[in-house]
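Once you scroll down, you'll see the structures, which are given as structure tokens.
Paired with chain B in one complex and with chain C in the other, chain A is shared by the two complexes that follow.
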Partner chain A sequence: MQKEVLYGLYDDEEVLLKAISRARESHMNIMDVFTPFPVHGLEHAMGLSESRLHISGFVYGAIGALTAFLFMTWVFTRDWPIIFGGKPYWSVPAFIPITFEVTVLFAAVGMVVTFYTICGMWPGVKPAVLDERITDDKFCLAFDATHSTEEERSAMEGFLSSSGASEVHTKNV
Partner chain B sequence: MNQFAFESKQKIFLLGAMGLGVVCMVLTFLVDDPLHTRFWSNFLHNSVFFTGIAFVSLFVLAAFTTAYSGWHTLVKRIWETYSLFLIPGLILMGVIILGIWGHFHHLYHWADPAAVAEDEILQGKSAFLNKNWYTIGTVVILGIWAYFAWRMHRISVQEDLQGTSDFSHHRRYRYWSAAFLPVGAFTSAALIWQWVMSIDAHWYSTLFAWYATASWFVAAMALTILTVIFLKALGYMEEVSTNHLHDLGKYAFAFSIFWTYLWFSQYMLIWYGNVGEETIYFRERLDHYPTMFYGNLILNFVAPFFILMRNDTKRKFGTMVLTSIILLLGHWWDFFLMIKPGVYHTAQEVLGHGAHGGGETGHDAAGHAASTFHAGFTMPGLLELGTFIGFLALFLYFVFNRLEKVSLIPPNDPYLAESKHHTVWPY
Partner chain C sequence: MSAPVSAIRDPLIEGGKTYHDITEDICSPTEKTPNLAWIIAFIISASALAFYVFCVAWTVWQGIGSWNLNRTINWGWDITNFVWWVGIGHAGTLISAILLLFRQKWRTGVNRAAEAMTIFAVMCAGQFPLIHMGRLWLAFFIFPYPNTRGPLWVNFNSPLLWDVFAISTYFTVSLLFWYTGLVPDLATVRDRARGLRKKIYNFVSFGWTGAAKHWQRWESLSLVLAGLATPLVLSVHTIVSFDFATSVIPGWHTTIFPPYFVAGAIFSGFAMVQTLMVITRKVLNLQEYITLEHIESMNKVILLTGTMVGVAYLTELFIAWYSGYIYEQFAFYNRVLGPYYWSYIGMMSCNVLSPQIFWFRKMRRSIFVTFIMSIFVNIGMWFERFVIISSTLARDYLPTSWSYYTPTWVEIGLFIGTLGLFFTLYLVFTRLAPVVAVAEVKSILKTAGDQYVGNGAQAQAGTVEQKEVH
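Entry: the complex of A and B
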């Protein structure tokens, strides 16, 4: 579905952070904020709840640890027992490095896939970029103006320019 | 409040705890075997543990200063006073040296001329493992560390009193820090070989020095966290926030994992290589010290790993106090396991129990005498705990006594403002 986005471009992240606080104080519904680099305190200013991505990371890691350990246990005790260097079949110390590595692999790949899925990014997806300068040196505060009345729009525009935005644009994405 | 006042009731409490330690040491001495092995091994154990905490504090300061770290400035006075404990540490280790020369104890197999005479391996190592090198190594290296600690502390205090806008004190502090890094990094290995690894004189491991230093490191972080929380509870160091606590917790967490990595690397290579003279070290501990052996991993890896993994647990005072106590005792427990089995072996051999066969086999055969429970060796007993409390009280008394003489917050440190604004989460 097409959205009509009304956004302001800021030159400085401190001005942007102040604008976000002001917008939240006056109960304006911020659609999203785009910055060229991670801005400290941004999610706090926007009032975003804590990411749950790390919980998924723990779960993937635990699955990876179990997968690796149980697979090696099955292989070396049931499926194809081989004696290596006079060690017992079930040689736990030898399994630990591989268990560790598969844990890291599962956690890392799982978190990347989860993150990309949440962000709707897949191979072939063309992300809608409001303004290419957002990837360089501009900070963007965007409002959803699809269903806004004319007064609401002028209020948003007024807010953006009064809070320090150097440019205000509207774009359909 | 930036000026710590060492109140008399704290002094009395700590002196009482020291008294408890002395009583426990006297009791240990009385109930001991004729060689007083338990007494001397407890003395060595605690001296090495607390001197190591002082060393790591100095190393941390040097590393952070060299790396242009700013966040630690609010807590750096704690490490500066910790590192001054290297001076009493020199005295404590001096007692061990006197014991070696006067044959008061038999902690070290290689210090016994009769054992060396009939032992080819000890003869081969005697170029390094002898009384002269032990004395020179300990006195010179510990002396250099103590000099660095004293020097850096003095520069820092001068900065408080006469700090100038050209940061000349900080620059000098930085030179001394950078100079200490290579010195500390290389010499700490030699001291650990002499103090701890040479107890099992037949055995060696190239990873051992790293592993023991990592153990000291976590213990130092745990004690730092406890001191910071204690001082905050008394109303000092208001500006030290949960953000600083979070970073200290990260160090405790990260170095717990580092310790486990080194512990496991050492264990697995020896297990996999399966060379008799190497595996005997772990065989001995697995057979006769299983609770200590697995408990070591639970206290120092499993507990901190799962407790400190989340962000918010590192920001809660209660959780951090609990975890720090676990880690401090856990690494004391780790050093117990490094020191006691070897000392027990040597003592059994000197006392003539199970030393039949002589030489190499005698040293191994002595291990089988330890198959039953031996108070103070198989597990730390109440006397060991009392001795630990005594040494801890001595350490804290010294630290608080020094802390009282300086400002808790270095007012002229160029990184003070950065430390005050330190924010890690939630940004």
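Entry: the complex of A and C
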């Protein structure tokens, strides 16, 4: 569905952070904030909850560890037991390196796939770029103005320019 | 901003850059036609790569007999090159992961190129065990897949198989880490491009917009990947050293190998980063982002790890004498004074003695000395692996099978060829992607830019320094 976005472009991240706090104080509904680099303190200013991505990493890692260790155990004790160098079939210390590597592999691959999936990013996705300078040096604070009245719209515009935005635009994405 | 600004630290970004200047300076080389130096370098590298393809074809067609390996010396230049390349492939992940965890800001100037270098070096390393197998087309036998021979599984107790898992995991994780870091910068290139170029960069930047939530997840992902990559990078060369340490060959069967190999890997990796950075910053005009400060920091790491490697060499000699075990004593006597004494001298002088020059600040900050030293270290670390492998195998338990090994042109060609592969990939990379992490450099501008910190800081720096930490 098409959205009408009203956004302001800021030249400095500190001005943007102050604007976000002000917008939240006056209960304005921020659609999203776009920045050219990870701005320190942005998630606190916006009140974003902590990312749970690292929990998924732990789960994938645990799956990897179990997969590797149980598979090697099954192979060397059930499926095809072979004695190597007079050691026991179930020679646990020798399984550690591969268990570790597979743990890391599962955790890393799983997390990266999860990251791109939940962000809706994939090769060929057409991004809703509000302004091409956002990946360069502009900091963007965006409001959803699809269902806004003229009055609300002018309030948003007024807020953006009074909070230090150097430009204010509207765009359908 | 919110991070504390140190008045003591020298700036990491020079030239009073704005955010836009950073984008412009780092992205513009990818948008211009390559200069003559690049074209000449590319032709030389691509020719070496072509020769590599020829040498591989020759080896496969003629068989491993086209190398000078024999029953006694069954590892020669091939495994020397493998270990050398894997070692080089350690600096990138060290810089990007360990330095991220330690919050070292200078990593942002060099991490992108160093990670790229890591990936290319691991690709070169992976070539050698594969070709060494002889029947290259059966290389998939190393993976534990359900086969029609039982299924007969691979030997999970073998360090050589651990190596398969270690190297392939390391390659995959490094690639994912590098590419995820690259995505926002590819989006920057996309937003500067037009036409077909825009379509291509749109495809490879996965539709990145720079939304706050995406950045938050991106930072979380980077941090966890760094946390995973840190033990991984230490495990990889540890496992490579197990290839030797778990054998019963005197001179190899030592517990010092894992830390000694890891220190050597970081040492040689940083040397290769220096070789590339000194050239890259000059050719792409990035002296303001890869500053003398960065170069000095890396030279300190080279001094530290070079000295650690030196301590390991001396410890080996001491322990060989102290063990009272004549075979161990002979192995080391043979390393120092045997038929390959010249490679031991090369190793000692390049790895232990020459880096001591970096005790002097003036030398650490000299581009010329840095470049020469980085070449010395690369040569020295190659010698180290050659000393460990060939000099040990040339004098084994049975004097009747003692032998002397010199490579054939095919083995030399394979080594030169992987250098061709490495530099071809690196040169292509410098044309396609920003060689410095654009977004990450922007994120440290206000705490490390020379208009804010250091002696040349302007009046506005005062206001930044007074900002409180939260």
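Keep this in mind: the second predicted complex is superposed on the first by the 173 of 173 C-alpha atoms of A that agree within 3 Å, B and C clash if a C-alpha of one lies under 4 Å from a C-alpha of the other, contacts with A are read in each partner's own complex, and residues count from 1 in each chain.
Heads up, the rule we're going with is that a residue touches a chain if its C-beta (ideal position, glycine included) is under 8 Å from a C-beta of that chain, and two chains touch if they have at least 3 such contacts.
It should be emphasised that the depicted structure is a prediction, and the values quoted were computed from it without experimental measurement.
Chemist: Does the superposition put A:41 against chain B (first), chain C (second), both, or neither?
Modeler: both
Chemist: Is chain A touched at more residues by chain B or by chain C?
Modeler: Touched residues of chain A are more numerous for C.
Chemist: Where does A:86 make contact in the superposed view: on chain B (first), on chain C (second), on both, or on neither?
Modeler: The first partner, chain B, only.
Chemist: Considering only touches as defined above, state whether A:94 meets chain B (first), chain C (second), both or neither.
Modeler: Both: A:94 reaches chain B and chain C.
Chemist: State whether A:151 touches chain B only (first), chain C only (second), both chains, or neither.
Modeler: neither
Chemist: Is A:33 in contact with chain B, with chain C, with both, or with neither (first, second, both, neither)?
Modeler: second
Chemist: Show me the chain A residues, by the header's touch rule, that chain B contacts in one structure and chain C contacts in the other.
Modeler: 40-43, 85, 87, 94, 97
Chemist: Could you list, by residue number, the parts of chain C that touch chain A in their complex?
Modeler: 1-3, 18-20, 23, 144, 150-153, 155-159, 161-162, 165-166, 168-169, 172-173, 176-177, 180, 183-184, 187-188, 190-192, 202-221, 223-225, 228-229, 231-232, 235, 239, 242, 438-440, 442-443, 470
Chemist: Name, in rising order, each residue of chain A that touches chain B in their complex.
Modeler: Within the complex, chain A touches chain B at residues 40-44, 50, 58, 85-87, 93-94, 96-97.
Chemist: Can you list the chain B residues touching chain A in their complex?
Modeler: By the definition above, chain B touches chain A via 264, 267-268, 271-272, 274, 309, 423, 426-427.
Chemist: Which residues of chain A touch chain C in their complex?
Modeler: Touch residues, chain A against chain C: 13-14, 32-43, 46, 48, 51, 53-54, 57, 61, 71-72, 75-76, 79-80, 82, 84-85, 87, 91, 94-95, 97-98, 100-102, 104-105, 107-109, 111-112, 115-116, 118-130, 132-137.
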